[in-house]
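First up is the structure itself, then whatever we jot down about it.
For reference, chains read A, B, C, D, E and F in written order, and residue numbers begin at 1 within each chain.
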Amino acid sequence: MDKPASTPSTAAAPPISRFSIPDLATLPDDVRARIQEVQDKAGFVPNVFLVLARRPDEFRAFFAYHDALMAKDGGGLSKGEREMIVVATSAANQCHYCVIAHGAILRIYEKRPLLADQVAVNYRKADLTPRQRAMLEFAIKVALRSPEIEDGDFARLREHGFSDEDAWDIAAIAAFFAMSNRLANATAMRPNDEFYLMGRLPKQPAGR
Amino acid sequence: MDKPASTPSTAAAPPISRFSIPDLATLPDDVRARIQEVQDKAGFVPNVFLVLARRPDEFRAFFAYHDALMAKDGGGLSKGEREMIVVATSAANQCHYCVIAHGAILRIYEKRPLLADQVAVNYRKADLTPRQRAMLEFAIKVALRSPEIEDGDFARLREHGFSDEDAWDIAAIAAFFAMSNRLANATAMRPNDEFYLMGRLPKQPAGR
Amino acid sequence: MDKPASTPSTAAAPPISRFSIPDLATLPDDVRARIQEVQDKAGFVPNVFLVLARRPDEFRAFFAYHDALMAKDGGGLSKGEREMIVVATSAANQCHYCVIAHGAILRIYEKRPLLADQVAVNYRKADLTPRQRAMLEFAIKVALRSPEIEDGDFARLREHGFSDEDAWDIAAIAAFFAMSNRLANATAMRPNDEFYLMGRLPKQPAGR
Amino acid sequence: MDKPASTPSTAAAPPISRFSIPDLATLPDDVRARIQEVQDKAGFVPNVFLVLARRPDEFRAFFAYHDALMAKDGGGLSKGEREMIVVATSAANQCHYCVIAHGAILRIYEKRPLLADQVAVNYRKADLTPRQRAMLEFAIKVALRSPEIEDGDFARLREHGFSDEDAWDIAAIAAFFAMSNRLANATAMRPNDEFYLMGRLPKQPAGR
Amino acid sequence: MDKPASTPSTAAAPPISRFSIPDLATLPDDVRARIQEVQDKAGFVPNVFLVLARRPDEFRAFFAYHDALMAKDGGGLSKGEREMIVVATSAANQCHYCVIAHGAILRIYEKRPLLADQVAVNYRKADLTPRQRAMLEFAIKVALRSPEIEDGDFARLREHGFSDEDAWDIAAIAAFFAMSNRLANATAMRPNDEFYLMGRLPKQPAGR
Amino acid sequence: MDKPASTPSTAAAPPISRFSIPDLATLPDDVRARIQEVQDKAGFVPNVFLVLARRPDEFRAFFAYHDALMAKDGGGLSKGEREMIVVATSAANQCHYCVIAHGAILRIYEKRPLLADQVAVNYRKADLTPRQRAMLEFAIKVALRSPEIEDGDFARLREHGFSDEDAWDIAAIAAFFAMSNRLANATAMRPNDEFYLMGRLPKQPAGR
């Protein structure tokens, strides 16, 4: 394998992937623009952008899919609830990048500094509403036992007020991160150091 | 849940999804065009196109991702080998749609009528080369035990002549179908009847 | 291990077992007669007969047991339903020989070309009656979690109209193929090529 | 289910099966003779004979198979070693009848009062030779992970002096008790009280 | 590792631990006194005392904890019932020392020679009251699936008359032996030969 | 169950256990003194002290054992390394209290704010030395697969410079937290809010 890559700016840091990171200058314009956009918004480039940029077509499809599920307006799931699904299922898949990066996003969206760690360790004991608990039970079933999904699972979701569209959202987010977790585990994708502390302080260190 | 949908043309047939199928006339032009294209090429519309059309943005991202991995030219994996990865990992995830539909595609690409069933039941006993066996061992590890992936797994792939790009391809295909299998299991996506027999006869029923 | 054996008539074919196959001429008369009988009836000799002939006493007991369960007349399970049990549990045990050979028999008995593949991938999504679904749930519990069997399992079977004798039949078939699957996996028993296509065509190559 | 049966002679004892036990007078002569024979030899009738007598054809095949594997003379496995396989795999399947009844037989054959309990709890820590340990590792793989059996497993057996015929014996015994354990678990077959103490005392109640 | 130790008095016997056993003369007075006490009471020194004596502080804490749970008077669980918990959970953890030593104690407390073997193989089929069965179901959940414990588990215990204090006792005993089993498995702690026969004979070698 | 308890000082907070917390005034002097001591040192009372105080004898044994393993001076494992074992094994057991509380302690001992989260999600990808990685592999085997421990595991530890005493320490810590995790899961022990942020900031809220 070619020499593992560190983040461009910190040559001595641990590599952010088993695979080398492309020189940003060589990337297609749209890919580089997307990376610049997130840099401007967050104050740093989350490593998933750098790792996946090695494959521009896959990069485009990955983030288009991600945005369709996670960034869309409307729907019955708040953006914080969507991140709960990511954190719970990514913990079940032991994915460093997703638990730590999306844990940060969950803390920020929900403005609850403790929630992400609770969900990551055992969602059954997290400070959640019964509706959120039911949402995560279904998400975990999608993540770990999808061949056993049956009509009863959807009935239980409806008891908690979830529509069919909401059920699709839960399943699709759990499925998308089933893919993301495996990509991150296979590439040894490293979460940026910035994520660990985000959203933990009363007045958090911005860059949000 | 709204009334489950049958394929448009066969009202009495079993539903092809737990979710209703959108009226094709209501779909965005590009989505409808893609569906028409596959209809023209295959002679029927594989159900995955109809089920996912409910969500045009996700539809576009899904097939863009699929094509980037499965339809690209070049790379160290033949198209048949890519389908072996799909069949082996989809069987591990007990996905009706993917095992049966991609089993058909595998038979057609490889022109070997027995191979798909062998790979689906137990890839360890299928008629494969040692290189293909190593490819599937890695793919199954991505599918089922991705937190345990380590450098040694890549070293073993290199012993069989797989480059880093090939390793990425194997991992990315296994990861993409980790998502697809869960979508299909959650939506109860039904494979088209046409797939079961495709590629099994000496001179197969075309539509290829 | 002695040189693995191909089927007698096709020396270049892949071996049908890790163990050598005895010369038919050396077999006891009753064993040879049984093999001749199946050859006459099916038009070929299923490999299980050749592989087990190495041990005539075990051969006799195996087929006597098999016939007592699978070929007996009467009882509450149709012959097709018995084969559903074989295919579902053999798929759970990833047994090449049994999934492919008994998948063929299931297609022929039920005259439904799609059913065997459905049952093999995930019986929960196969086109089955609720009664057949309950039958397979019990069979899979016998196959995979028999220490947890309790009175409630029998009560559920009765709700679907199964008698005590039927329950015994289901359990005994699942148990017998727990043995068969392990024998086939240990000997690397290969299914005959003929099985793959049997029962798939509108007018099946029946009479077999 | 018909009224569960106690042993004929002790009406107040716990039932020996979920299924009723046939009246011995109604059994076919050969079945009754076999039961009489074991009564004469052991001083009691092991419950497996009474439970399976409900189905004479299955009874005959079961004991014919059992005897072909467990009672044959010659072969590379001593009778005690065959019983080690039974106890180890039956413990893995949590089978009351087989662990307790065959534990007794193992103690008697080996004249080692401690061995059966050791093998039942964790064969890896039992007082065994390296050869016996390798035998049980293979047997447990047949019992629990048979789809993963590969040529290397047979090579390891050969390193310990096991021939191909011995490997078949180990696999066949583990497979036969995969069936027996499931039959016993499904029928709730109860071991006779006599088995618990057999072979534990310095001067064992032998001749049994 | 230093030379494994046999019991002091039988140099040719198998070692009782992977770790050497300290010379009793070198032990702190209180540790030696505790060992002498059990020798006087039981007629032999159970190996757990010798193995853990290597670490006097851990020895003291271990037996203080053990006695607080297992030897206390009062509480809703009889001493025999506490031993049932030990045997069932230790069997699930495949712990030689605990299954065999505490099996003996269970036989003696309950004066039922068959019970320990029944509980060790499969507690679901042991001769237990429904209350004892519920107790063991909870204990096994603590042993094997503790992250899934929820309020409903405590409700089920209350239905069988267990108080909150009893529920604590069951959980604490299962948890303590989760530790003990792992210590015994890691040190390869061997049960004394004396345990195997204790409590099995009509007139047991009691007083012990 | 009696009314679940909040921490004495914050009546509206979520309960810290399924079990009620005793009035500190009613506790034995030594138990109350130990609680006062930790309050003085840490600035708050970790909930484990309040939850276990319900049972003074168990409280004493628990903390005596804890201190013997975790607080002792000397030995080949640094205090930070001992906490790595706690965090890795407690994450495998999905224990809220232990992952979050001991994660804090690990950050403080090691003065590395990222390490605890890395170890909790997947120790295989944490920033550890090969020696520490080997230590955690053994600890996880003790936690999850202790019946399979064998001499080879100790040989691997020695290759990394661990003595027999070190191996005992690793095993004993993993075993002790196998108990602690189950106690915390059964009692629904809640980690104090203070733990989540401890050791995460450049200048940690030390003195604690």
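As a working rule, a residue touches a chain if its C-beta (ideal position, glycine included) is under 8 Å from a C-beta of that chain, and two chains touch if they have at least 3 such contacts.
Just so you know, these numbers come straight off a predicted model, no measurement behind them.
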Problem - Contact-richer chain pair (by C-beta pairs counted) among D-F and D-E - result: D-E
Exercise for the section: For the Cα fit of chain C against chain F, please give the angle of the superposing rotation, nearest 5 degrees. Expected result: 180
Exercise for the section: Pick same or different for copies chain C and chain D, depending on whether their interface residues overlap by over half. Expected result: same
Practice task
Measure off the straight-line distance from the CA centroid of chain A to the CA centroid of chain F, and report it in whole Å.
Solution key: 28
Completion exercise
chain E and chain F have mean C-alpha positions lying a whole-number Å distance apart equal to 24
Problem - chain A and chain E, separation of their C-alpha mean positions in angstrom - result: 45
Completion exercise
Shared-interface residues of chain D (touching two or more other chains) are 94-95, 122, 147, 188
Practice task
May I ask you to sort the chain touch graph into line, ring, star, complete or other?
Solution key: other
Fill in the blank from the handout: In the complex, chain F touches chain D at residues 147-148, 150
Practice task
Enumerate the contact residues on chain D facing chain F in the complex.
Solution key: 122, 124
Problem - Residue ranges of chain C in contact with chain D within the complex - result: 1-2, 18-19, 54-55, 57-58, 60-62, 64-65, 68-69, 72, 93-95, 142-143, 146-147, 149, 151, 154, 158, 164, 167-168, 171-172, 174-176, 178-183, 185-188
Problem - Complex interface listing, chain D residues touching chain E - result: 14, 91, 94-96, 99-100, 113-114, 117-118, 120-122, 125, 127, 188, 190, 193, 196-197, 200-201
